[in-house]
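Which chain is which? They are A, B and C, in the order written, and residues in each are numbered from 1.
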Amino acid sequence: MISFVEMMHLALHVGLPHFLLLSAVLFAIGLFGLFTKKGIIAVLMCIELMLNAVNINFIAFNHYMPATDLSGQLMALFSIAVAAAEVAIGLALAFRIYHDHHTVNVDDLNHLKG
Amino acid sequence: MNDLILSLHRLIDMGMTMAEELGTPEIILAAVFYVFAGISVLGALGVVLGRNIVHSALCLTASFIGIGCLYIFLSADFLGAVQFLVYGGAVAILIVMAIMLTRREDMAHSNPSRSIPHQLAALVVAGMFLLAMAAVALMSPFQTAPADIGDTVTGIADLMLTKYVLPFEIVAVLLLIAMIGAIILAKGVDES
Amino acid sequence: MHNGILLTAAGWIRDILTFLFGNELLVNILMTLVGIGAIISVILTSAIVFTYAERKVCAFMQVRIGPNRVGGRFGLLQPVADMLKLMSKEDIIPNGCDRVVWSLSPMLLFVPSALIYSFFPFDDGAILADVNVGLFLLLAISSQAVLPFLMGGYASNSKYAMIGGMRTVAQMLSYEAPMAFSLIGVVMLTGSMKMSAIVEAQATHTWFVLLQPIAFVIYLITATAETNRTPFDLVEDESEIVAGPFTEYSGMRWALFFLAEYANLLSISILTTTLFLGGWHGPVLPGAVWFWLKVLVMIFVFMWFRWTFPRTRIDQMLSFSWKVLLPLALVNMLLTGVGIYLYQSLC
């Protein structure tokens, strides 16, 4: 086991593991929200949170690994673009669902079930 | 008078040297990281635990701004600006939609969660995921060597129009399709 | 070495601080604080001057005299009277409002408005943060202003405030796109998003208003819309929705909205000066004087807009943005690209 002083020392030297942990925490929070939220908009927000957690990883690896170019940042940029497309479609679907079924509760949207 | 100022200089120099020996630059960097990481994690918790959908969305903004500041911390200044620009607008639209799809009197409970057993199960799954990822992050022997990459704008632009020109075009087409699709979905198709 | 007066003044302050404290790092930190203080005082002073100027310009346009009671024949103490009135007003908190969001909204609105001043080159070298992505970061930060408006509109528990908040989102998001695309022309000509580089490029070539006339016009229109000033003040349109998101605010909270509005007016004038009118460059007079002269002219132009054009309708202005301004900005981008290519292949 490492001592408390060593742990403090590690915690204060911000490096790649810090960002990976942060991204894991954000992703886990997003995952928890995805499983527990009922409203369709809240679910969309949690998905956005998870996508952002992934972007942190891209950029942190790009910064800390012996990189030669900015591929990681560019991947994060593509990911943001795809996330924007996803939000646009998701919100349009939510609007449509509310228009047709007068609810945004994902549990009530079970018309395909038997 | 001069003696007073000289002694003040000596005192300040001593303080600064001491601060440097204690590793103040490291501590300042760590403080910046922990402040913005804290903002993003607390914001994320606010999104998940909030009862009011508008409060959740505002917490989401706080989280995104924290993440954007971390991008700048990671020398990705262009990405930080993109983050602010894209998600500022996205969250505004989310809030508008959330308000539109909720009745005013329900606003305090507009972001309901599932039952407690559901939440416990979700907590276990998310916790297991977190443990696995934390183990990977802490155990992997990453070879870190922060390199000075230079101007991010020209770097990204060069890559975008040379090595990654195909994904770039595909993303452009995807955004166009998404835009048209969203408009058709939201407006509905004229049946006649 | 030719330095502007602002940098010389900063040099004097630095000398005094070095004499007092000695340590270089500490002096650097203190100098940053001095810069921040200078910017805050510029914003506050401008708000005082603009309340007076707006009344006088308005009166001039309407062939009236304007303020002429408080403080002599020209009503010079009118801003003081305004300030006293605002401070002594009752702080009304509407029933059923969302307290936290409601009280955060005016404060948060001021943050992006003040933050973008750190990217403005006021004089030769007098720029707080001359970052590589300066112009883009500036646009990104100023776009955050949409959320406080929406927060105020949602939290006030009033239908007029809510409609105003919704309009803000529609208006600001629609006008952001043409504004960003019109400014890309300037970035293409400069080859950099660094604010100091943009000013330098105009010193070596010519003012970008001559090279980018379409972008200049698009920028003027979108900037008026972004700051919610007439003819695009649909967000706070008093004949339709009382005062939009500000309806339920009074006293000092309302004053913060007001302050942010004038900070935005000053910042778009500064941005126009920097991007299109050559920044602080000019013959004979020192840089800072030229800078403020151009800024004052731009402020007069924006006030002139406000008191001469009638208000548009919200659907008209949204379709104008998407169907006219955005295609025009894209065409301008294409023309700029072709122009740069021709220039480079000919010279």
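Quick note on the criterion: contacts are C-beta pairs under 8 Å (C-beta built on N, C-alpha and C of every residue); 3 or more make two chains touch, one makes a residue touch a chain.
All figures in this text were calculated on a predicted structure; none of them were measured in a lab.
**Q** Farthest chain from chain C, going by mean C-alpha coordinates, please.
**A** Of all chains, A has its centre farthest from that of chain C.
**Q** Using the touch rule from the top, work out which pair, A-B or B-C, shares more C-beta pairs.
**A** Top pair by contacting C-beta pairs is A-B.
**Q** Measuring from the mean C-alpha position of chain A to the mean C-alpha position of chain C, what distance in angstrom results?
**A** About 34 Å separates the centre of chain A from that of chain C.
**Q** For chain A versus chain B, what separation do you get between their C-alpha means, in angstrom?
**A** Inter-chain centre distance comes to 9 Å.
**Q** So how far apart, in whole Å, are chain B and chain C when each is placed at the average of its C-alpha atoms?
**A** Their C-alpha centroids are separated by 26 Å.
**Q** Where in chain B do residues touch two or more of the other chains?
**A** 78, 82, 93, 152 - these are the residues of chain B that touch more than one other chain.
**Q** Among the residues of chain C, which ones contact at least 2 other chains?
**A** There are none in chain C.
**Q** Hey, which residues of chain C end up touching chain B in the complex?
**A** 19-23, 25-26, 98, 101, 131-133, 136-137, 139-141, 143-144, 146-147, 150-151, 154, 162, 166, 169, 173, 176, 192-193
**Q** Contact residues on chain B for chain A in the complex?
**A** Checking each residue of chain B against chain A gives 23, 26-27, 29-30, 33, 37, 40-41, 44-45, 47-48, 53, 56-57, 60, 63-64, 67, 70-71, 74-76, 78-79, 82-83, 86-87, 90, 93-94, 97-98, 100-102, 110-114, 118-119, 121-123, 125-127, 129-130, 133-134, 136-138, 142-147, 149, 152, 155-156, 159-160, 163-164, 167-168, 171, 174-175, 177-179, 181-183, 185-186, 188.
**Q** Taking the touch rule as given, give the residues of chain A at its contact with chain B in the complex, in rising order.
**A** 11-33, 35-39, 41-42, 44-46, 48-49, 52, 55-56, 59-60, 62-71, 73-74, 76-78, 80-82, 84-89, 91-96, 98-99, 104-105, 107
**Q** Any idea which chain B residues touch chain C in the complex?
**A** 5, 8-9, 12-13, 16, 52, 54-55, 58, 61, 65, 77-78, 80-82, 84-85, 88-89, 91-93, 95-96, 99, 107, 151-153
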